[in-house]
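What follows is a set of structures for review.
Both complexes below contain chain A, partnered by chain B and then by chain C.
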Partner chain A sequence: MKGSIRPLTFSALGIAAVLVIWQVLAEAKVAGNALPPATTVFSTLATILGTATFWSSLGATIGIALLALALSAVAGVILGLLVGTFETVRFATLAVLEFLKPVPPIVILPLAVLVLGPTGEMSLFLVVFGCLLPIVMQTVDGVQSTDPVARDTARSYGMREPEILARVVLPSAMPYIGTAMRVAAPAALVVTVVAGLLGGGPGLGQSIYQAQAAGDYASLYGMVIVLGVLGLLFQGATRLAERRVLHWHESYREVMP
Partner chain B sequence: MRNWLIGAGAPVLLLVAWWFLSESSLDPFFPPLRTIVGRFQELWLFEHFQSDVLLSLGNLFLGFAIAAFAGIAIGFVTALVPPVRWMVDPLIHFLRGIPPVALVPIFISLIGFGTQMRVTSIALAALFPTMIATVDGIRGVGNDLMDVARVYRLTRRERVLNILLPAAAPQIFSGLQVSLQVAFIVMIASEMLGSSQGIGAMTLLAQQSFMTADMWAGILLLGVIGFLVNVLFSLLRRKVLSWYIGSRRMARAA
Partner chain C sequence: MSIRQAPSLSTRNRKSAMAQQPETRINATTPRLDVAHLAKSYGSGEKSHAVIEDLTFTVDAGEVVCIVGPSGVGKTTLLKCLAGLHPASSGRAAIDGRPISGPPREMALVFQDYNRSLMPWLTVRKNLVLPLRHLKLPAAELKERCDSALAAVGLSHADNQYSWQLSGGMQQRVAIARALAYRPEILIMDEPFASVDAQTRFDLEDLCLKIRKDFNMTILVVTHDIDEAVYLADRVVVLGSKPARVLKIVGVDLPAPRDQITTRSLPEFARQRTEVLSLIKRPV
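Up next, the complex of A and B:
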């Protein structure tokens, strides 16, 4: 059934229907100027795509998100290995981590803006704050789930603790880290946009805020469409990267007939 | 035993350290914890409790409730009627790619700054995680279960309420948990973008007017709410899904 013609037809119908409804509602001025017609939005979007400002803010958004993601990945895995390996550290940090886990970065946005100002560093800090904890927690889970037999075997082969950590514990925690990264990557993009929108950090979030404040609704919609596409690309890219990096793990292996 | 002492002691120690280290702080960004707690009490207990705290929480719960019911209902229709699924699938994936907070400016331009806009933003942004999880949950229900239902000649209504809903419940609850977090984030964002009421608005206004202690008090309150809402939801989940959690534990022990 997959890839057959019928679902595709229906998908195309669905998209076409939404575009037509949008166009009709906008032409009827149901929301005044706040809902520009689809045609206007797409032609504005085409104009925006030709400007250097757009590409530099797109670059800023992607750059901040990726840099913060890399920072949180490195710091998160190191912290996770530390917390997961030493029981005392784990118990000492348990309550704090559990408290901070459900607290989204937007909560400390005012503090970040106050101390760092509306800068790229502020966005970077918020994204790291948002992505670090899930990676730490998942790495801890991964370390905890290491097969004790594998650990003991490594020890009886005469491996030292650092070597066991690098060769046994880290690889067996990798799928957990992969899951954390898959969740963290779209989140990094979201937080970057939030930091721009509410905190004035550079990037597409800031552009959206400016478009809204200026009443330039066609650009506003165009920018949101760009963000939707960007979000899809981020999700797709992380899923692909996860498969690539973890192809050796049994949960990712392709079944051979 | 020793570990639990460490576990309980560490956060207490941290708070005590914060209290005493910040005691004589003159740094405008990091006021003494004593001042923050004082402002916390003055602001939230109970001067602005009704006007802002209850308002924010009311929006959060109303928006989340709408998202939960609509998400589960739309999820069921989408999963059970293939043409609908084919039609909305690409749209949903596209909408899911948009950061939920980026939708807030659109709603502001469409509906204005009022409570209605905030509830709509929260409900719509929180809708997708629940809906997608519901669709996945129903698709994951085993064929043998549906065959048995057919053999027993269950009506469509019975099949949905007595078989599909419970079988998809664990997935639905994971979706609801994500929805709740999204709802909380959008609640704050919708208040921070140009409204004058609500905890988020008060916190951002305090920051913009350099009332640092007030800002810290707002951050503390938001953090505590974020934590408590999550705890309450986990308790609810444990209660509703007790049969599932029990069976998982049995399966793992076996």
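Up next, the complex of A and C:
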């Protein structure tokens, strides 16, 4: 058990060190009023946690991020399977997809706000825009990395293409899709917040913007801390899900006694 | 050990075969597997590259035929043509007189790379079930097929394990069990025992002969191991390169049942392996 306690100890020490440095820098007024001390931020955070508005914006943020993530996953995997399987679809779409892939969602934020307004739909659209393409591209890679021997095996047993796609190609591509989801989950959270911060979409992003506009820096940092914790939870949840779904994969296999 | 050919299936195959080519089934001398002037080349025009040129041989019902030849001769390509995975460029390959145009229902394939051919996300039993799903069998028959196939290869205890938790020899047994559960009449094996250790290899060779005996299976094995070919086969098809062509078909006249120790120490065994070896070693 020694192995599991030591990393925990060091993590705690690391966090404590950051908090101490923060406290010292804030007391020294290095950033003026823009950086309140950690103690102030935490006591403000405790107050915020007692308000209904905080919980509804937290719910909006989580809801938008998760819904967008689910939509991106379903649409991305289906699109990826099609693009990866059919050459005609690949040639028709790959140039467009490769072109759109490096475009960050923030670039099209003004357009999204103009068309959809400062709404939840706008945030949802931006998050899907940001998450969909990486999932599509990873799925395509996964499809194309399917072992030809596995495909030949399925074909030799008279399995038809749709069944091979669902029962051989899709599971083969799962490690790639898992990686894409692990990257997409925190990204979904970030884009949801950005859409609220800069585009006026509902959620914690909007609350942070309002706190900033009101000069309420303690609340601002309090909510940033909440976001950080939320990010860790998203990351942990996707890791856990990945480990469960891909328990058979080389990187997760447990050696039999 | 009671995998028997499902009668309904054989009858159905026979009926459909008769419907297509009435005269062929009636002729008792029609070989199960008939390969005539088969050729396969990849690419077209000037870039065309012949892998197989004019192969002719037959496999009779219940026979074990081994194909040997130097590596890279096109043996795997030949099997893919026979399994209906690749179309032949010219010539013909037929089962019971019916030309092979897609994966034939009465045939099952065992690949050399068991770890690539078995699905790592499925347990042993689910690997067996995977190719059977589209047959829409009743649940009881599905279970019975898997149970008896696993029993036939001695892996009844491993059905809930994943293939990657098993040794190489056991994994290849799973691949063979998957083929048996499909209830084929012809088993085609591509270098099936090339990736296992020598002792396991002997065990799997004997398993192969047992399957022939128990299920009256017709078996075609591609191997580069001449001793293995002579030990297993009723006839050995010796291929030369390149492109692949039949050098000679050697009839193996060794008594049954074959045994790893006594058969391999017979003077006749040595004579036959020498004959095959000298064909392959001969400068071409």
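We take it that the second predicted complex is superposed on the first by the 237 of 257 C-alpha atoms of A that agree within 3 Å, B and C clash if a C-alpha of one lies under 4 Å from a C-alpha of the other, contacts with A are read in each partner's own complex, and residues count from 1 in each chain.
Following the convention adopted for this analysis, a residue touches a chain if its C-beta (ideal position, glycine included) is under 8 Å from a C-beta of that chain, and two chains touch if they have at least 3 such contacts.
Fair warning: this is a prediction, and the values are worked out from it, not measured in the lab.
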{"item": "Touched partner set for A:53, first chain B, second chain C, both or neither", "value": "neither"}
{"item": "First (chain B), second (chain C), both or neither touched by A:228", "value": "first"}
{"item": "Touched partner set for A:248, first chain B, second chain C, both or neither", "value": "second"}
{"item": "Partner chain in contact with A:156 - chain B first, chain C second, else both or neither", "value": "second"}
{"item": "Residue numbers on chain A that touch chain B, as the complex places them", "value": "6-11, 13-15, 17-18, 31, 34-35, 87-88, 91-96, 99-104, 106-111, 113-115, 186, 189-190, 193-194, 197-198, 205, 208-209, 211-212, 215, 217, 220-221, 223-224, 227-232, 234-235"}
{"item": "Contact footprint of chain C on chain A as seen in their complex", "value": "147, 149-150, 152-160, 163, 167-168, 171, 174, 248-249, 253, 256"}
{"item": "Footprint of chain A on chain B - complex, ascending", "value": "3-4, 6-11, 14, 29, 82-83, 86-91, 93-106, 108-110, 181, 184-185, 188-189, 192-193, 203-204, 206-207, 210, 212, 215-216, 218-219, 222-223, 226-227, 229-230"}
{"item": "Of chain C, residues touching chain A in the complex", "value": "80, 83-85, 102-103, 105, 107-109, 111, 113, 116-117, 119-121, 130-131, 133-134, 161-162, 164-165, 182"}
